[in-house]
Each structure stands twice: as structure tokens, then as C-alpha cells.
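Below, each structure is written out as C-alpha cells.
Okay, so chain A shows up in both of these, paired with chain B first and chain C after.
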Partner chain A sequence: MSAPPPHQALRPARRRFLQVSAASLAFAGLWPGSPEGQTLPPLTEHPREFFTEGEWAFVLAAVARLIPTGGDGPGAIEARVPVFIDRELAGDFGTAANWYMEGPHDAGAPPELGWQSPLSPARLWRQGIAAFDDWCRAEHGSAFADLVPAIQDQALTALEDAEVPLPPELRDFFEVMLANTKEGYLSDPIHGGNHGMRAWVHIGFPGARAQYRDWIGRHNVPYPLGPVSISGERA
Partner chain B sequence: MARQDPKKDVVIVGLGWTGAILGMELAEEGLEILALERGPGRETVPELRYPEMIDELSYGERHKLMLSPRQSTVTIRRNLQETARPMRKWGSFLLGNGVGGSGVHWNGQTWRPQPVEMQLRSHIRENWGEEIIPEDMTIGDYPVTYDELEPCFDRFERVAGISGIAGNINGEIREGGNPFEGRRSRDYPMPPLPLTWNGVKFSEAARAMGYHPFPRPGGNASTSYVNEYGMQMGACNFCGFCERYGCYQYSKSSPQTTILAALFRKPNFSHRSGAEVLRVEMAPDRRSATGVTWFDEEAGEEVFQPADIVILAAYQIENTRLMLLSGIGEPYDPVSGTGTTGKNYAYQITGSTSLFFRDEHFNPFVGSGVNGACIDDFGMNAIDFGAEGFIGGAYISSAQTNGQPIRSMPLPDDTPQWGAGWKSAIAEWYGHEMSISHHGSVMSYRGHYCDLDPTYRDRHGRPLMRITFNWHPNELRLNDFLRGKIETLAAAMQPDLVSHSYKEEGAQYDVRPYQTTHNTGGTIMAATPEGGPLNRYLQAWDKHNVFAMGAGAFVQNTQYNPTGLVGGLAYWAADAIRRQYLPNPGPLV
Partner chain C sequence: MMKTLFRILAALVLLAALAVAGIILIPVQRTPPSEALAAGWTPAPGAGEYAMRAGDCLACHTADGGADFAGGRAIESPMGRIWTANITPDPETGIGNWSLDQFRAALIDGLRADGAHLYPAMPYENFRMLTERDIRALYGYFMEEVAPVRNPVPEPELPFPFNQRWGIRVLNWLTLNHDSGFTGTMGDPALDRGQYLAEGPGHCAACHSPRTVYMGQDGITADDPAFLTGGHIESWEAPPLRGPQSVLREWPVSELAALLATGRNFRTTANGEMRLVVEHSLQYLSQDDIIALSRFLKALDGQPHDPPEAVAPMGPAALMPPEADAAGAATEALLSAVSPDMPLGARLYVDNCAACHFSTGRGSPEIFPALQGNSLVVSDEITPLISIILDGAEVPGTAARPMPLVMQGYAGRLDDAEIAELASFLRRAWGNDAAPVSADEVARIRREDRPQTR
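Take a look at the complex of A and B:
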């Protein structure tokens, strides 16, 4: 792919700040009918458990391209997916607390042999963001978060297609980033994402209802009830 | 110096299905029994309760009920030349853990093998001659027949509370059941569960093509039910959270719902959780075991537990590892073909077609774990191996069991994986898809086996189990044959779109995507000590007071989910211990 000149790819930092803030204020804190929604801080001010300030800008920008705002259904920003990812990486998943992480490690082993990176998911994210942002600066003249959306999509496609040179221990960065983003979008809100269960409403999944004895015999008839969550919300 | 606890008559390693069955059966004899479980204790309440259990992220994605790979895992290589690497997180299969074992988190699918699968080498010899068996295929006959096991299958199905409809009662073929199954002495204890829309559509299409559809049998209660131990199950409510989850409402067959509460009331039975058995200890003459050494998680120390009988009732992988670590049987050598422990590791092959119907509603979140319609018209006893050029069989089914959105989001080919296209596609297609899949046999081969890894160790310093396994051309040919049958069926149903997921020719085993937790072999049963480490009663040939349960005993894998045969063999072994071993301890063969 041919990169546009840096001055076209670069969005002024002040605009970026305003745009992320606006998105956060508009979508993330003001979900009608959700009492706790009224008190949620905008994503830019969300008290983070794992990500640094700079990493947070990357995460907000990246998930907004992976599941964009607009059209039917929430984007990853309105679903508060970054909150989910931050929490996951600070917890047992992020630290690979339950995984077998003893050496020797052969990060370049055939991919079919599974995760062989010495890095935990949290360290993979941290080092992956740094390496990818370096590439974005070299290729497009700016860190990922400061690129315009069309160039961000090009960069993510290059990352997905393994056209961004990464050391073998970071080989799975895109795959993990995308998987965590979808998890935050589609999991129960108790984990921080899927705010207001709007992603479940979008696809027609009833969440934690888990009782369909009255519907097992109703063939080819859409299920009528909206979702409930583990903590008892309705949508 | 290890602590030594007071002697027991019987020590059981692992408290899943087979540990619970052996515990109950031997407790009936009045023996003093201790079961040691390496994972945590688990009861329906509080560990499996609603609504906390209805959490796809924690249980479906993060495997909260499974063994932590940090505690123990396996290494895998595809051939003798490759360096095996650890499964650092689960993928291809999920190993259970804790009281109830994999019986807590399974879907419940329960089948018996076909009679010909038990005497497979003889079946081939009599029909086509042994020359059609590939040179490296190490299949054999089980040293026990279907007819001998029939009462044990029946017993397990009645204890576990299986729903289904018999297709063959004492040779009489019955409408609505599986006409290809082996003879049953009577019907299932509960009628089959109702089908969802996908199953109805599949059944109609299959019937129109001359096949014989039937509802899939399994361990989800279709009515309220009380078994011989007085354990009560409630009818399934189709919650859609079965495999990888515990059942919050006592509907799924599990050791918890069908055995354990009754077993825990017996004064001569006790159990410990957080109790990982490290090895079986042997008498000086190495002809019998003296007990086991285990690690007491709570006290942080090793304990020697003396016992007269040792029952290995862990999963296939851990049973094989314990036998190799303890010197039970000779380790198998794939080059010379000598030795038996670790031999004939096998697995299962699967493939599926997705059918998309834009204007139909499948409600994929509605379903029990066994929900589905099947045909067995391409099973082991229906295929002409000589003509088709492979040895194997499969059942084909349209299931709808666990339609949770993170993991169950099939989308048409060419759908973007992210971006606006993905976001609109998930709303367009979730709920408008059904699948047809096959579940096929995998034969045993000289180079597919288990041994102790030379490099990677667990937290106790013990070598991890190393599995050497790859897809063999025989199974890939079976897979291709089944793909043709499924695609013809799918086309007849006239979906708007289809997508396919099958292994291609030359496919290499990939540990990343989940496939099945149907690992078999490694501690196979055989007619002679040269054939396998266990005799026909699952007794170690060389250590008469050690018995090993589970799918490790499978000579080769069958085309079905293994639990029916695992449960049947457990009752078969329990009966032999009760009737023959206890009155006269020593080799039973």
C-alpha cells in the first residue's frame, strides 16, 4: 500500500483530544435508563488499572476502528470496550495467571502449536502497542491515534496481514487485540464492556435469561424478550 | 519425609465420573475408601449457581471450570522429529478439574459404541481381509464384546439419567430411533428432548433423502427423574449454557446430580480436594502397589496414603502419565513398537457446514447440550471400507447447543473480521444460521502415542505428558467422504448462503481451535500383556491391585463421544472387582 504524505495523515493533536472526549461524553456516560450510566466518567477520564495515558489513546482509537460508531448498533466506544480491556489486562487474564509460562520458549514455533510467546497478554499488548506505534510513525508519520480513520484502517489491515514487521513474540498482537475487543463488546456488562447490553440488543441475544422452556417448541418464531444481565439490568 | 496417613482399603485418584462410580460400587462392599481430587470441591450451590454461571467470558472464554495449565498441561508435537511445545493455554481440548471432573462441564452427549467397533480388526478381516489395513495402523479388537458390556451400558445410562429413544431393542428395529445401533435390552430411562427448528429441518431433509434421522441421546433430563441411588434430576429448561458450564438447575447428568451427594453420605467413604496424586508407590517386588503419594495443597506437604487397592480414575492424559511416572507397564517405544504404556493415543475428527437462511429464526440461544438431530447412515457398520478406501465412520448431526455470541458467531464467507462490515453482519446473521456437522472416528497408529516430555515439567518437577499426534490420510479421506454427504444434504435444504469448515488434504493438527475433548488410548486394554498395559477388567497386568478407568483404555477411538463407553467400562470393572477380585485378590486374567 502507498502511504499518503505525513501532513495529510496527521490529525492535529488538539482535534484528536476533542474528538475522543466528545465521543466519550456523548456515548459512554449517558445511557438512558441506566442509573449508573449517569455517574460513569467519560472514557478519557476513566480511572485505568493497566494502560498508561499514551496507551489509552491508542486503545480508544484502535477499538473505534475495529467496531466503529455509526449505523445500527453501538460502536466499541459506546459499549465501553476499552474499560473491559483495561480490566482484563490488569487481572488474571492479563498476567497469564492460569497459563503454563515455564521456559524454554520458542516464539517462532509453528503457529499451529499455539501460544509460545514468553509474554503474558498484558505484556503482549504493551509491547505490541509500542512496536505498532513505531511502525505507524515510520510509515505514516505519526502514532496510530493521531492518524485519520482511513489511514488507521490501512495500518490495522497491514497489522492483520502480518505486513508490519514484528518480532515473533508479538506475532499474535492483532489477533489478541481483536479477540479482546469482541469479548468486551459481547460479554456480560459485569466485566465492564457491552454497556447497557446494547450489543446484545443489536444482535438479538437475551443475555442471562437462560430459561427457554416456553420457546423450545416455537419453531421459526423470533424470541420476543430483550436481554437481562447477571447483575439484573434490563434492556 | 512425607507424612503418612492411616491405611485405607481403596484409594481413588480423581473424583469425576469413574471415580464416583467406583467409589459408590466399592462403598457398597463396606470398604474404607478415600478419593483424592487435585482440583477444588464443587457443588451445584454455590459453585454452579444462577446467575453467576451464565457468564460466557468467565466460563466459555477463560475456562474457569477447567484445570489451570499452570498446574498441569501437556506438550504436543505432530511427528517424532518435531520439538513438542506446551499447551500454555487450552485450545484443541479442555481438561477438566475439580470434584465432578469433566462430567461437570460436558454437553452430555452419551452414546454406546457399535458392536463392530469393539471387534474392529476381526470385522475388517472377515469382510475385506487385513490387507486393507494401512501398514502403520495399530487397531485391534477390544478384549471385551458389546454384548458383554450391554448390561453395564444400561446401568450407566440409568444412573446418569440419559434421554433418548431406542432404535434397536433386542434386535427389533424401532421407528424414530437409531436403526444402526447395537442391541439394547430396554429403552432409555427418559424420552428424548424436543428438537429446535434446525433439527426439524434437518430431519425432514434427511428423511427425504432416505436416511434415518433420530434425536441425539444424552445426559440432559427431559423429565424429572430419580435414579437407583435416590438422586433426583429436574427437566432441562434449554438455557443454552451447557458445555463449559455447570448446570445450575440439576438437569445435566454429572457426578454431582447423579452420584456424589448419595456417596458423601456413606460413612466409609471420604474425599479430599486440593489433593494431587504424584505417583503410585510399589511393593519391593514391584508386583503390586502399596498406595499413593499425594500433595496436600492445604498443608503444603507430601503425604503417603497406604491402600490395598489403587483406582486410577483421572482423565486419560493424567492416568497415562501416572502409569509412566510409576512404572506401571513398559513405556511404549514407537520405533521398535515394544512396550505398551502410552500406546495408541487417538482423538476425533470433525467438520461442519453452516447454512444461512435470511428469513428464518433459529433462536440459537435456545437449546440443551445434547439438542440435535442425527443420522448414523454413514457409521462404522454401514460403510464399505474396501470400496471407499478408508477405515472409519461418523454420525452426522444438526446441533444447536450453546449459541452464546462471543464463540458462536458463524458468518458467511468473505464477511470482514472487523469494522463496519463485521458489525452489520453480526446483526444480519446471528439467529439465522444452522449447521450440519460430522463427528468421526480416529484410528490408532504406530507413531501416535504418549510419553514423558524430556524438557517441560510441572510445579512438582514431574515431566509433562507429551502427545505425538497428527492427522493421518485415512481420517482425512473419511472427512472428505463425509463432507460430500453433508454438502449434498445442505444443498437440498436450499439455504441462502453456505460456508464450510473442513480439514483439507495434508492438514496438520492445529492445537489452537477447540475440537473435542475426546482424547483416548495410552492405557489400552488388551487380551495379552504384550498388547496393552491393562487386561479386559482394566486391571494392570503387572500390578494386580491397580485398576485404571477411562478412555485411556480405548484400543482405538470410536466414532462417538466417549462417555457412554467410559461409563460402561467403569461398571464392568467395578463388577469384576466386587465379584472376583475382592474374594481372591490377584491377577483376574
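Take a look at the complex of A and C:
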């Protein structure tokens, strides 16, 4: 698919969203503790802020194909990426609260012109899931979540390659879904994903430590210490 | 036999009652002026406000969010809570009707206009050394330059017998027997000026001298051996300013002057009550006075006291942080190796503190205080250290160094056991040698009202 990735334009706003949610979490006393002290419900029972039950089944199924379980690192499910996406869409990012959304929107515009859908990210997800599930039912006989993994992969590939007919305002659905999944995988656990910092351990990122001064001159020496999160989790 | 004993007892009770009646009823004496000024004498313009800054009247006599000098700030004394007085010239709730003699007596005798005794939270032991010129300048300032504010201040919340103001009279007989006025003893006009600022308006001894059993200051003037050898203020330790335990021994006059004028120097920052002294008082003093005060403190301790050319001069924009010294080398090696097996306290330091205070524990000049040899870190009073870890710290900006220095708090990021491990690590790292802190102590400090650190 030749769709322009819209995300360069989104970054500052998203960062603000993340800051705001971190602050409100802290304020609400929901600052997460250490991973070993947490007993979290399975994702299917996670209390959602945005997705409906049917949408939630789609998200669990889709991210599990984008970053599957059983690879070298954690899959999107073990990293609890859907929690991140649910929170993200319930917040300012989801509602495009502080974006310019007046248009004109031009689905053919080059990527540097930014978001070209009149839909907020939350509405893009909601309408995108509905449209894609309709296509899956017509093409493969059931909703995406109920397909076997091999068919799910085929369907996602078709979506990525723009072979699923979508109205122009949903053009970037796959790009947004993939980007939000990566964000949930790699962002600080305080935002719901990257559970236990397992994605950071996997890629060797040491996290929110801000103390590498002693290592500036140590070239080609592996950095031995695991990550720390914004809330102080250690791994 | 019984009868005789009874008579003796009755006589003793009568004597005691007479003594108490005497203490309560004999009129108080107001100390006369220490210097007879010429009839037409008037203070120089601005002298009153300057003396107010030197005496730091504003900090205590202004409540948070209240009008300047209108009082009502709570002072937590060892015996209970006292509210500072309204010293605006409001005739009903302030000092508008006070004569010069009554005003002077408040400063040097600890007496209210009605003759009642002030609680010794008012540092009249120190203000007793104020010159008559400064007293007159202050009187003129408060009567003519301060706006009257109507603000009644509550009576102290003190249990018996501390709520009996006449009891202070007995304390004053024991503690307030030094001469009023000031006589320099340093043999040099600049050092004498520094001595005056320290002993009198600056009332350094109120915190930095120990206390006697009568709760008076043990060491009020430079010739007292205990003067400025270290004391306490609320839950903070006021470190010794002289003697082998004093960090000032390692500071040149220029760095001492920088700390006083800007709240920061090459090693440390002013925290706790001292932060407020810098903010409300010392930053307003002239360069000459800051240098005089710094030189006096060094000279008092028998240390070199050559005057610097200026206080906190503009230097290079970036100062290199110091390398680890011999005492700190082992800790620095542990911290910079970042082994996954390092002790939890060290790991917490790497994860939370080292970005600013560095593996050397020596921080960075004028920004991040050194934790190595830091009197607050190794103090027996652990409340300030734990409070700063929980709540963070802030050093105010001053005219010479406008940037406030802010440390975030870690109450949400570290639990009690983690803070105990971290604090215990700090108190043993880089050659520091202080007792560990327990999670129970941290939990208590987290639960209680803590001193404000920012």
C-alpha cells in the first residue's frame, strides 16, 4: 500500500497525550507498582475505556498477528499492547483533542501534509474495524477474530496492500493500527503496554534511566544493566 | 515535732507563693538605649528596610499567602504551636500604637507593649545586640514604610505551664543577662561588621548554636565557646559553622559568600530553613556585608579569611563536575559498573539519582549538591533527607543566580523499603559513615506532617 504514514504529524500531540495521562494516573493514585507485585486480569477481562466487546476481540486478534507470540521476544499480547491502544484511544489522542481537524482532507496528499482523514483516531479505528470485519465476512466467511491465523495474515496483508476496498477517510487504518501497536509494545509500561518492560529487555533498551555518563567512552562494551521504567519498575 | 514540721512547710509554701506573685506582679524593666543618639539623628533612607532584611523579619512575620508582616505564621516550638505577631502599624492588631521604647523592648527584652513576655521563638536574645541606630531605623520603617494590615493573630496553643507567659520571665533571668548593643571584638572593622551581622540581626545562633537546659541559646556572642557549634531547628540539623566538624573548613571565603548570597556554591545548596534565609534575607545584603559575614565566620574558626573581589561573580557558563576522590573511588566504581548484581540501594541510586548527583556522589558546581560529606545526608536527623527524597527540593532563584534549582520528589516512584535502602546506601557511600535507615522510619516520615522542602 502506498498510503503515507501519517505519524510524523502526530508525534508532538501524542507526546502531550502521554504526559497528560501519566500525570492523571499519578494524580488518581493509579501509578503502577512493580511487575512482580501485580496480578493483572487476563486481557479478555480487562476493563476497557474505549473498545466495545466485539472491537476488543478484533484488537486482541489483530495485534497478535502483527507481533505474534512465540518469537524471540514477547508477543503483543504478553506485552498487553491492547491495553495501551484502548487507553490511547480513550484519551486526547483518540479524540484528536488538540489537532487541527477542520480540513480540507485530501487522501491523495503527500505524507508531510499530515493527517488527511476527517475522522479522529478513535473513530478511524471504530469505523475501520467495522469495515474490515465486513470485508472479512464477505471474503472469508466470518469476522476477523474468528478466522484462523493463516487467513488472518492473508486478510491483514490485503488490508496493508490496499486490496480491501475502504472509503478514503479509512485509507490509513492499517498504518495507524500498526503504528499504535508498535507504540504499545515499545512505550513505557506506565501507559499500559510493554508489560514488565519485556519489549525493552528484548531489544536491549535500558529505559528511563538518564544516567549513561560513565559509559560515554566505553565503546563496544555491552551495557549490563536491565531497564527501569518511569514508575521505577526494574527488570 | 509535727507542728514544727507543719510550720516549716507552711512557711515554704508561703514563700513560693510570694515568689510566684513577685514574678508575676513586679513590673518588668525595659532596657534603656545602648547609645544616646543626637537629637536630630535620622536613619539614612533605606536603612530601615535594609536592617529588616538583615534581621529576616519578613520570613517569620508573614503567613503563606498572607500580607507582608501581618503575622499569623505558625511556628512549631518544642512546647507547642505559636503564631507570629502582626508587626504592621495597624493600631488594633499590629504595633501601630507602640512607642519607640516599647518597640525596642520587644527586640531586646522580649516584651510586648503591654509588658507581657514574648515567647523565645522571637530571637530577642540575638536582637539584644542590635545597635540603637538599627533599632531606630527599624522603628521608622515599620511605622512609616509598612502598610497597616488588620489581621488578628491567634493565641499560642501551648499546654500548661508553657502557656503562662510569666514563666518566661524566669527563663529570661537565666538566659537574657548579656549587655544590650554591640561591641566588636574582632579587631578589624570589616570583621566586626561581619560579627555584628552574625550575632545581631542575622541571629545565626538561634539555629546554629546549641541550646542550654533552659532552652536558651548556648553561645550568643563570638566569645562564647559554643557559639555556632551546631544546633537544631524543628526537624533540621543546623550544621556547625566552626570546629573540625564544620564543612565551612573546606570552603574558601568566596564559596561561603556564594552560598549565603545565592543559596548554592561549588559543593552544596541551601536547603530547609536556610533556603528561606537566603530567599528572604541574605540575597538582599550588599556584597560588602556578605563578604564581611563570610570573613567573620572563617576568622571566628581561625581559618584564612582573605576577602574575595566579588560575591558570586559571573564565571564560565559551564563548570566541570569534580572527579571522584580517594574516599569515593570504590563507590564510583560500583555505580559505574552497573552490574545487575549490585546492591538494591546502589541500583536505586543509578536508576533515580545518578543522572544529577553522578556516580562520584559529588554533583556539579552551583547546580547539583554533592552527597559525599553532605551534612544533611549523614545527619542523625533523618527527616530532612527522607523528606527530600519523598518530596524533592527547591533552591530559590536570587538576583545573582536567577535560576531556581528543582529536584523532583520520589514518593510515587519509590516505596518505603526502597527509600530506606537508598538512604542507607547514601549514608555509607563515598566514605560517608552514618547509620542505616529502616523502612519503618521512612513509613513514619511519609505518614506524618513533613517539613516543607520546596
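The definition used in the following text is that the second predicted complex is superposed on the first by the 187 of 235 C-alpha atoms of A that agree within 3 Å, B and C clash if a C-alpha of one lies under 4 Å from a C-alpha of the other, contacts with A are read in each partner's own complex, and residues count from 1 in each chain.
In this text, contacts are C-beta pairs under 8 Å (C-beta built on N, C-alpha and C of every residue); 3 or more make two chains touch, one makes a residue touch a chain.
Quantities reported herein were computed from a predicted structural model and do not represent experimental measurements.
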| item | value |
| --- | --- |
| Dominant contact partner of chain A by residue count, chain C or chain B | B |
| Contacts of A:102 with chain B and chain C, given as first, second, both or neither | first |
| Which superposed partner A:66 touches (first chain B, second chain C, both, neither) | first |
| Which of chain B and chain C A:211 touches, first, second, both or neither | both |
| First, second, both or neither for A:190, with chain B first and chain C second | first |
| Contacts of A:112 with chain B and chain C, given as first, second, both or neither | first |
| First, second, both or neither for A:148, with chain B first and chain C second | neither |
| Partner chain in contact with A:130 - chain B first, chain C second, else both or neither | neither |
| Which superposed partner A:225 touches (first chain B, second chain C, both, neither) | second |
| Residues of chain A contacting chain B in one complex and chain C in the other | 210-211, 213, 215, 223, 230 |
| Touch list for chain A against partner chain B, complex | 65-68, 70-73, 75, 92-93, 96-102, 104, 106, 109-116, 153, 156, 160, 178, 181-183, 186-188, 190-191, 199-200, 202-208, 210-213, 215-217, 219-223, 230 |
| In the complex with chain A, residue positions of chain B that touch it | 50-52, 54-57, 61-63, 68-70, 73, 76-78, 82-83, 85-89, 91, 194, 196-197, 200, 235, 237-241, 248, 360-363, 365-366, 404-406, 409, 417-420, 422-424, 426-427, 430-431, 455-457, 508-512 |
| Footprint of chain C on chain A - complex, ascending | 26, 31, 33, 209-211, 213-215, 223-226, 228, 230-232, 234 |
| Residues of chain C defined as touching chain A within the complex | 335-340, 347, 350-352, 354-355, 358-359, 410, 412-415, 418 |
